[in-house]
Amino acid sequence: MNDVAISLTQAGEASTMVPIATGTIQIVLLVSAVMFAIGMVGFLTRRNMILMFLCTELMFQASAIAMIAFGRMHLNPEGQVFVIFILTVAAAEAALALGLVVLLYRRKPTLDAEAWSELKEC
Amino acid sequence: MLSAIAHTALATVAMAGGDGSHGLPAGEPFGFQVPIPPVVDEQSFALAAWMIWLPVISAILCGIYATLGVKSRLPAWTTVAALAGSFVIAVMTVSKLDFAKPVVVHLFDWIDLSWSSGSGTAGDQWHGLRANFALYLDGLSAYWILFVTFLGTMIAFYASEYMDEDKGTGYCRFFAGVSIFLFAMTALVLGENLIMLYLGWEGVGLASYLLIGYYYKKPAAVAAAKKAFIMNRIGDLGLALGIYLIWLEYGSLEFGVLFAALQSDGATGAGQYDGWAATLIPWCLMLGAFGKSAQFPLYVWLPDAMEGPTPVSALIHAATMVTAGIYLIARTMPFFLMNKASGGHALEAVAWIGGLTALLAATIAMAQYDIKRVMAYSTVSQLGYMFMGLGLATSFGACYHVLTHAFFKALLFLCCGAVMHGFGGQLDLRKLGGIRRVPGWGVVCWTMLIGSLWLSGIPGTAGYFSKDEILAQAFITEGTGFRILGWIGIITAGLTAYYTFRVWFRVFTGPTHYKPDESHGQGGHDEHHGDDHSFHPHAPGIRINLVLAVLSLGAIWLAVGYFVGDIWGTQVWIKNAIENSSAGTGLQLMPAGDHSTLLGFEPHTAMYFISGTFGLVGLTTAWWLHCANRKSADDLRTWLTARGWIAWLPRAMENKWYVDEIYIATIRFPLWIAGQALYMFDRVFVDGIGVNGTARLPKIAASLFQPLYNGKLQGYATSMAGGLALVIAWIVWVWMRGSV
Amino acid sequence: MTPSILYIACVVGAIGLFLIMRPHRQSTRIVGTILGAGAIAFIMVKVLAGLAADAPVPILEVIFGLAAIAGAARMVTHPRPVFAAIYFVVVVVSSAGMFLLMDAEFMAFSLIIVYAGAILITYLFVLMLAQDATSTAGEALYDRIPREPVAALVVGFVLLAILSDAFLLVDGGVRPDAPGMTPSLAAAEEHRWMVLDGLPLQLNDTVAGLLDADSTDAAVAEFTIERIDGRAIRFDGINASVDVKVADESRNLVLPVSALPTNAQLVGWSLVATFPVSLEVAGVILLMAMFGAVVLARRQIDLGEDELRVAAGMTPLLEDEESDFAGGSS
């Protein structure tokens, strides 16, 4: 790990850090945006409840990438700290969501989200 | 906002009237006794605070008892102990007090506001409102607090037996109400400022409402409670306005500051004596006093208030609360005198309304059959005397009559209550008779005789002296038609003697017969209620008799004390207390040297004979019609109703001069019409078009989007994501980039 | 690059994803893949073309990014849930690679451990658990047919268009070289030195190492680091130094760059020094989620006989049969 950090420093230079190039950060953010969009599309189109939640994990992943990228851009570690919180929320969500899915699955032996449409009034 | 507008408007009007010509000529001494500024003394009068706190503690304890479900007489003893403690402290406090030197006992800071108009200019004035929770001890409040706490103690003791049947929650509720009443009454009487007086004023109104409606399952009691409360609101509006105007005009509500401001001489304070607001102040205060003290036209609630338990009628609606109006005017007497000095007629209005109410209520009382109602109208009538006394600028007479009336009217009410209690709720004097001879009723009979004699003003009784003080003054003070008013008062005195003894003779003399009230009859007695002796009354117990005896001894002491000159002489003591306080009357309203005469005598001397004669005539008439010749009363009524030209008189009297009906026709019916109109407006426009119409709009809008709500999770998610996309689009295109 | 080109690329990408979603049609899936990859590649080339002349070409970022996007696209379109989960592993690993490139090595490895190691395994576990009874044929119907793909694609790619617009085209949006966008390097470096200042043991070790290397003596046993206002390290914009008192002799030591705290230390410092409350709240959230999962999973659903049979893949009992005996025998 230390090697990676030190590899960014260049011997003889006064500063230990280099700012990230605009193009690089744009590539990473673009990837994050595309992942987010794909995750959202997946959430809206997949009918399998477990996969829907997996798609939300994908969206979490995309936002984590954006966080890391912005943290790198602003040269502070707080972006990474936020990723820790995102991981927390993702883990909590996974636990609860999967518990819910198991519960629902016990009621109706299907994972189809369309099977649960009691929210409509008539 | 509204109040600010009203403030400005009133201030403007007050300014506009400020340069009127009613001001006193500069330099002329203003002839009312203004007490010296009060001294703040918390050391030697530290105990006085407990006068006000003991009833509070008692009320809280009664509430706790109710929660705990206490079924014993504990609430009664708590209340009696607290009130007795209050009385003892009152005696100790008053014995230390020099009437000529008012004392302020500061309890805690309550309201202390100050603000400027905010303009920041040189003329910007600081306004303030300060009302501390403090006691103002002077002759007037000392005098009042003594009999209020004494009668409160006595009547609570009486009620401990009277309310026995309700032991449990009702018992607690009753005594909590009494304690609240005593707290409010002490705050009213002892308050150092008008805000505290107002607190007490509303507090006694609340206690009165709670206690009139004590039998809340009885519709008549509930209606009476509401009536009392609403009628009092009208008066309270007057008082509130009066207080507001006083604050507006003098910038303070503390008695000490106010009296000092009024005392200041013409050179500096002439402007303070006139102005539209200052002229109006006495009228507003008067309205408040008339509401609370049941004067025409706001008296109709008092007879109905007799639906409450009798101790309540005795304590609140005869002896203490209804005298709050007298106290208010006595306390603010300088404003009235000021009004008179600047050419106003407020005092004359007080006198005339008091006198006419006295006559009106007396005539109604003559024709009532319900003995408690007779006493209620008698109370209205006697209160009328007191107002007459105030209006005639003899606040000593008025306050003296307050005291004697408090004793003998409480006594009479408690006797009526004992009768009602013992005879199954029977109050109709036609269905009672000869109770004198029923075993165990001796004390009630003879104490009620004392009360009746005192009320009738038979020579030698306390009521005689105090009433004469007022009546004679009518022939001394100068004012519009005051002599006529005096004769009205004298005639009323005769009527008073008549109706009082009508009750006494009917109920206590003659052949013994009684039957319980149908609505109160128990079980088998109902079948043959024509039989007089199937119903067995239970005679009052030791506590009721004891209270009656103590009250009659008090009444006798008041009479005997008149002849004793030293400190125990009631008249000297009372005169000292009243005339050293703010109620001290202005002698300049009376001709200086030669008093006017009445039938060639000095009025006070003449009045001894005149009113005594009238009283005895009334008594004799009552004896003749209701004791000696019982039939003749009915004959007289038949004779009167048979004659067309006079038949309206007994009917009108029996129907209370149709005042209630007039109220209904002139006030309630128009209000009902207006209410219906507003109700229809509400139904059609507010509810129909405004509320329901508005409510229908979203429904219509919703029906457009209804298909979106298909109950499918992902359908909702799509909407949400779409919304999110739009929000971000707005942020990026409009906010970040500045254009679409 | 103008916005219209970007939007057109998004539309093309959406069409590509739509075609990939069509199940069991090899040809359209190939066309879709080509369209989507083309759109992504086009935009990436456009971005790379705008790189400054002296900037290094982010080859690794592009490779990891394309892998992540490909994994994600396959994940949301694959008809078999288990494969979808495995494609998600591809996404996670690729993201971890990008984290590494972004100097977030700690997060990269925790991502692999937490996501690929824990969360995804749970998903797979539940998938296996649930998949078993319903589809014996391998693919459930609801897994093969996407639900309202057009609406979802419109929403998702409108969002993408706006986001990429904001990321790529808005002046100063995410340009690190825009004025005020990033702190000066000196400030960032000073912040890091201050973190080291807050780690006294590590600072001691560093200073001891420096003194060891410096002195000709065998051992410099005693030294004290002088602190002024609690600060030991002084940073002049170029060099960081500490004042050390060795045997009553004051010395000024310039700290080497290698003494800077590591990335993981920086994250840890930020976590406990800047966001302690959030950290606690995160812990509470995890605890509550654990409770919630336990409570939810413990709840038993009482199913009727028929429902149990259906759940077990058997045919429900007919109503006119004598259920007592039938129930007993089964």
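Here the chain labels run A, B and C in written order, and each chain numbers its own residues starting at 1.
The criterion applied here is as follows: a contact is a pair of C-beta atoms (placed from the backbone, for glycine too) under 8 Å apart; a residue touches a chain by one contact, two chains touch by 3 or more.
Fair warning: this is a prediction, and the values are worked out from it, not measured in the lab.
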Furthest chain, CA centroid comparison against subunit A: B
Comparison of B-C and A-C (more C-beta pairs in contact): A-C
Mean-CA-position distance for subunit B and subunit A (Å): 77
Subunit A-subunit C separation of Cα centroids, rounded to whole Å: 5
Interchain centroid distance [CA atoms averaged], subunit B/subunit C, Å: 80
Per-residue overlap in subunit A, given as positions that touch at least 2 other chains: 40, 44-45, 47, 114
Residues of subunit B touching at least two other chains: 714, 718, 721
Subunit C: positions in contact with at least two other chains: 147-148, 151-152, 155-156, 159, 163
Parts of subunit C lying in touch with subunit A, wherever the complex brings them together: 13, 17, 21, 40, 43-44, 47-48, 50-52, 55-56, 58, 61-62, 64-65, 68-69, 72-73, 75-76, 81, 84-85, 88, 91-92, 95, 98-107, 110-111, 114-115, 118-119, 122-123, 126-127, 129-131, 133-134, 140, 142-143, 145-149, 151-153, 155-157, 159-160, 163-164, 167-168, 174-177, 181-183, 185-186, 188-189, 191-192, 238-239, 257-258, 260, 262-264, 266-267, 269-271, 274-275, 278, 282, 285-286, 288-290, 292-294, 296-297, 299-301, 303, 310-311
Subunit B-facing residues of subunit A, complex: 40, 43-45, 47, 52, 113-114, 116-121
List of subunit A residues in touch with subunit C within their complex: 1-2, 4-6, 8-9, 14-17, 19-31, 33-42, 44-48, 50-51, 53-55, 57-58, 61, 64-65, 68-81, 83-85, 87-96, 98-103, 105-107, 109-112, 114
Parts of subunit B lying in touch with subunit A, wherever the complex brings them together: 709-714, 716-718, 721
Contact footprint of subunit B on subunit C as seen in their complex: 147-148, 151-152, 155-156, 158-159, 162-163, 165-166, 170, 173
